[in-house]
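Each chain carries a letter (A, B, C, D and E) given by its place in the written order, and its residues are counted from 1.
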Amino acid sequence: MFELQIYFVSALVSAAIWTLPAAAISLIYGVLRYPNFAITEFMTLGAYLALFLCGFSFPLWFAAPLAAVLTGFVALAFDQTLFRSVRRAGALPPVLLSLGLMLFLQNAVRFLWGNDVLQYPIPLSRPFVIAGFVITPTQAIMIVSVLVILLLSIVGLRMTAFGRAVRATSTNPELAVVTGVRPEIVYGGVIFISGFLAAIGGVALATETTLTPLLGWRVLIPLFAVAILGGLGSVIGAAYAALLLGLVSEFSLLVLPATYKTALAFLVLAAVLLVRPTGLIRAGD
Amino acid sequence: MKRDPENRSILGSISRRALLAGGAGALAAAAMPGIGAVRADEGEIVVGALMPLSGAGGSFGQEMLASAKAALAEINDAGGPNGRKIKLVEENDETSPEAAVRGARKLIEVDKVTAIIGTWASSVTLAVAPIVQANKLIQFSTSGASRITEIQKKGHLFRTEPDDLLFGKAYAEYAAGQGWKRAAVLGLNVPFTAMTVEAFRQRFVERGGKVTSFTTYNEDQTTFRSEVTRAFADKPDFIHISGYEPDITAILKAAYQLGLSGRFIVPGFAVSPDLIKNAGPAAEGLLLVEEGVAEDSPAYQRLAKALGGGSDHYYSFGAQAYDQLNLLALAIEAAKSVDGTVLTDAVKKVSGPEGTKVTSFAEGIKVLRQGGQVNYEGASGSIDFDANGNIVKANFRVAQVKDGKVVPVGKITDVVF
Amino acid sequence: MVAYLVAILIFAMIYGFVALGLNIQWGLTGLINLGQVAFFAIGAYAFALATHAGMPLLAALVLATLVSGAFGGAVALFTPRLREDYLAIVTLGFSEFIRLIFLNEKWLAGGPDGIAAIPRPPTIPGLDTETSFLVVSAALVGLAFWFSQRLARFPIGRTLRAIREDETVVASVGKPTLAYKSQAFILGAALAGIGGAFFASYLTYISPDMFGPNVSIYVLAAVLLGTQGSSLGTLAGTAVVAALLEGTRLLKDYITIVDGVQLAALRLMALGLALMVIVVIRYRTTRSP
Amino acid sequence: MNAILEIAGLNRRFGGLQAIDRCEFSVRKGSITGLIGPNGAGKSTLFNIVSGFLKPDSGEVRFEGRRIDGMAPHAVARLGLRRTFQIPRELKRMSVLENLMLVPEGQFGDRILSVVLPDARVREEERANAAAAREVLQMVGLETKADAPAALLSGGQKKLLELARCLMSRPRLMLLDEPTAGVNPTLIRDLMDVMRQVHASGITLLIIEHNMNVVMELCERIVVLDRGHVIAAGTPSEIQENRQVLDAYLGGADA
Amino acid sequence: MSAQEVLGAGGLIAGYGEMQILHGVGVRLSAGEIVTVIGPNGSGKSTLLKTLVGLIRPSAGRILLSGQEITATSTRDRLRAGLGYVPQVRNVFATMTVEENLRMGLFALPGAVRERQEAVREILPTLNDYWSARAGKLSGGQQQIVALGRALMASPKVLLLDEPSAGLSPKATDEVFRHIRAISDRQGAAVLLVEQNAHKALAISDRCYVLAEGRNRLDGDAASIAGNPEVGRIYLGAGDGSQKA
């Protein structure tokens, strides 16, 4: 049926948008052991930086990764100046810092770009229809890009020395130290990558919608639901969970009003935390 | 960043100058409260312009402020009501009720305003009105929500914007006139939608139409694909979207990207040049129903000239703000008072329908000083208020986006409750 | 000018209730709650709905307190075993959940319309409405402060502080920790509810978009600023935050190089930065894990 | 035998590890009983089960004849069975005196209602509790530290505070988890004196201890645990003579 | 003797925060030998290993590795200098495969991973049975062997093992000890073994130290310590045991 196929593609699009930022939350949680609420603001920042770079007539496919790298550096700068000094003080101080950072970044974007609704200079295009699945070229490119970055992240975590250091620190930090892993390098790297991934997610979200200073905040709850559902610390888990939540929230439209999508995400989040805090999907990396 | 540079320079310079002027005034008032208070009685009459200079109504707020200033210049050039100049103090309500309430308090308490003009979003008007009423001031508003009538207690609140019910009926009248029978509705979850849509449905059914689906949505959704699919599912003759610019833009894009084509009718206040640019081909053919202005009236032509726009600009909210300040000034002149309760009656009197037709403050005071009664016919229309401070009947204009331009395609006149 | 100062003080009083509440939960008992705005909103809506249903103001205030307290108790009962970081996520999510309920359920709370024409307490003879409201709210904040102070100094406060230090020890000396934690959460939520009722009454209008996460962050900053755990410090912190938020609004008339939106953004940037700096100062030298 | 604590057929598994394995023994009322065994024998797990912090998979724990397995920790404590922790869990930001004044049960001021009532009753109660707390501090030799934050105590003093907190409630059975671990030798003598004094006041003691000199000197009866199972029980000299016990420690013959 | 000495430490005073555990402990290790450290609970055995590998900084004392002072160097530098360490618990990367666990053994050092993996698989052939499995899914004994393999990857001169038999069944313990012996024989690494399981450990050891209350109490040939009744007294207390000496 036509309608179901639309829902399916919507779920895929939502999943593609959520996957990378949720993976960033997951990575930070896995390695640094705190939920970072500022990830959504790195999405916003990344999206606006990409727009800024588009202003120099860079095409979006070039501006987006560049903006993501810049966002990674911004994230790293805050980590090294503020978060680093509370590294050994448990989960609460970095959580509070991330809240402060959320407020700061959201309003920095507002200060620099205003409250107006903006969008990327990409022309609208008519969709492809393949076997009843309707998808626009932009969405297709977005989904493929996210998949490529996801695969690169997973391969990077598996195949590179840094990736192994990240996984080692995530699964057993004490042992990682006695095998010669330098934790600060892992922390800094993870923060940079998380900033990068969040920014790509932000650009993806902004291509699908528009740019506003609340761009990232609006997906905070779904992102945490995805990250927790996927078992905090797991990138593949986040990808599966994003798809699952995407399908659940799209198909929930058959029974629930659309306005409850976010509330549904919260219920999923709370239920998983209360019943099985390790997450439902544990891909184990 | 991506704002139209032309737009930016005009509005930017206006607001900057305004800020400087307003700033100097407030500085003086703050530094010398005693003198400020004296002035409020005998010197300038302070009027608050509470407008959405940012947020969803940002572009309209800028237009309204510039229009109010155009009226201000005319009024003060004519010597002002009762020979006193009017000082306009602007405050940004950020299109947010909370910011608006704070802004209103500041206007009332710090600036000691006589009246507040401008509030645009209905939620803002709903929030601000009780405070204004409690202080026995009068307020002019550009909001359509019918619920505003409910909180009207002492008639201190005047709306130059047609009520949502009229808006809803206007859509129905137009659609029925075109011979369309099946309508799907997408409604943003905000104050005006429920009323407009209900009024629309009622009138549309009366005229033999049928609403096939009504789907509400939130502004913060990431995609609108599912909602659009739902609306198109029943093959309607047209789809009415009741919302604001950001979500309507997103919905139009979603429909386009789903490969769907259809007729969309949307409120005019949601369509700015930004929408047309942002939605690009998806906005092509879009029908918009907007509160009409008296395009041929001298008042509107003066305003259009003052704002410097070409013929393709359509200043519907600007016209209202312009009329609001003129009505206020005339009322003060007529009442020889700045007391809110006295002014309430005076506003009703100077707005007509009885009395000599005037289209500007200057004309008005001439009549008034000769002891006559005036009927102000402004830039936005003939403006006659009912007991609830609502305009009695409204004119609407229907326009269509063609090749990226808004082209008038029809009029709906004298829509009544 | 004086009137405007009064307005700032009233906001300080309103946030004062909320911050004192958070101080009982977090400062005293160690239960992190990033969604205090939820109880603030519940109090505001309960008050507004009750008054619209014709309840006398005082009864509506009591009802608002009870309802928000009950929600606090429910949250505490559902989350007793959640670790600090998970509790942070759940409470933040809960506050957004509550906001969505108020936004979507038109039958309950008017949806995005919000609720207008919420009554204010009668004006004290001889005072203007604003000053009168300030006096009433200040008197109640005073009462809440007195309560908080005594709570902290009484044996029950000692038990709550002990839970903050080490819940296991408290259980080992025969005290039902869940009951105490729930009570702390209920008290904190109830105080936030009182703040909400005053907020609704003061603005005379409420709508869901007033209850975003920023409010939670403001009161977190206030509690942190005022050396977490002390009621007096919490109120002082609240005053600073209110001055920063509301007072800087006046700057708009003097600062002309940035427009209103930018100034509002700068204000909140400053608050975000201040929160981060306090956190770093407060936690920088603490013990290793 | 007049047993205050009886453990029968107790089992508890953690993942693949049978931490407590058909454990069975009892503690005589009025005794000082030692619980020893090599690392990982399950001693602390057993303490956690008895004090309610862990639930057993099967088996029974009876205190004064009443089943307590599966009860919540605070409920067990209220029956008069209290424990200390191996690593002192002092309430760091509270004074030593406050650490003790937390303990008394049924304090009127420990209810929210008291906060809004006249405080005469609470004052009186606090005076009495403070006096009781100072008495206990005197007994363990911490009276001069009453007003110091607990965080500032030395390692040995924190051990004394653990004891004091336990004593404060006048329990009938105290479980002491390694009371002398990490304490310097001179203070160990003081600690042993305190434990004797506590015992003399009529409190039954069950002690996990690695310092064998302490165990042998203090305890009248010793229970040896290995891999969660009781492998021996008897007087100190019987235990010292027991080849099986030494083998347990030295990982001798395969079981 | 001193020419062959690969690890020497003396006068170590160390602990956690204010709690001092080691009150002047020393050990010496020659190339190729297996030395066991035993002692009752709380005698400081694990603390000694952590101090040697640099996880705890001693407040006094010196540590020499192949004649080079390493007392103040980082753990990472000690690994590079030829120290290998296997902690007592949680000593594998549970979510990584056995292959990856071994790869982590060369993390801080240069070296051909494949060749070293081949070499280690030859010494510990049972690794082949679960080469691609996730370490967390293995039994305790298998995990212990993976941990040994990881430490072996760097061809350490000295291997520090903290209670490799902890939590293992007697059969698994035998298996692990057999592998430790093989490591020493085939790799030539000196092994410092901290054990509770004194009998079995001594059976594969050359020498033994007995610690008690953070001090050296006895040392000597493994065989002589195994037969020394003093050891029993150290474990089970003096009591009236002095008469039996």
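To be clear about the criterion, a residue touches a chain if its C-beta (ideal position, glycine included) is under 8 Å from a C-beta of that chain, and two chains touch if they have at least 3 such contacts.
Quick caveat: nothing in here was measured; it's all calculated off a predicted structure.
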{"item": "Chains contacting each of subunit A and subunit C, listed by label", "value": "B"}
{"item": "Most distant chain from subunit C by Cα centroid", "value": "E"}
{"item": "By count of C-beta pairs in contact, the leading pair of chains", "value": "A-C"}
{"item": "Chain at maximum distance from subunit B, centres defined as averaged CA atoms", "value": "E"}
{"item": "Centre distance in Å when subunit B and subunit E are each reduced to the mean of their C-alpha atoms", "value": "81"}
{"item": "Centre-to-centre distance between subunit E and subunit A (centres being mean Cα positions), rounded to whole Å", "value": "43"}
{"item": "Separation of mean Cα positions, subunit E and subunit C [Å, integer]", "value": "55"}
{"item": "Geometric centre distance via CA averages, subunit D-subunit B, whole Å", "value": "76"}
{"item": "Subunit D, residues touching no fewer than two other chains", "value": "none"}
{"item": "Set of subunit C residues in contact with two or more other chains", "value": "103-104, 261, 264"}
{"item": "All touching chain pairs, where touch follows the definition stated at the start", "value": "A-B, A-C, A-E, B-C, C-D, D-E"}
{"item": "Residues on subunit B engaged by subunit A in the complex (per definition of touch)", "value": "1-3, 54-55, 58, 94, 189, 215-218, 220-223, 225-227, 229-230, 233, 245-246, 249-250, 253, 256-259, 274, 278-282"}
{"item": "Of all residues in subunit C, those that touch subunit A in their complex", "value": "32, 34, 78-79, 82-86, 88-90, 92-94, 96-97, 100-101, 103-104, 213-214, 217, 220-221, 224, 258, 261-262, 264-269, 271-276, 279-280, 282-284, 286-289"}
{"item": "Subunit A residues within the subunit E interface of the complex", "value": "161, 164-165, 167-168, 170-172, 174-182, 284-285"}
{"item": "Interface residues, subunit A side, partner subunit C - complex", "value": "33-35, 37, 82, 85-86, 88-93, 95-97, 99-108, 110-111, 114-115, 217, 220-221, 224, 228, 257, 259-260, 262-263, 266-267, 269-270, 273-274, 277"}
{"item": "Partner subunit C, residues of subunit B touching it in the complex", "value": "15-16, 19-20, 22-23, 26-27, 30, 33, 53-54, 92, 94, 96-99, 101-102, 105-106, 109-110, 123, 126-131, 134, 145, 147, 151, 189-191, 194, 218"}
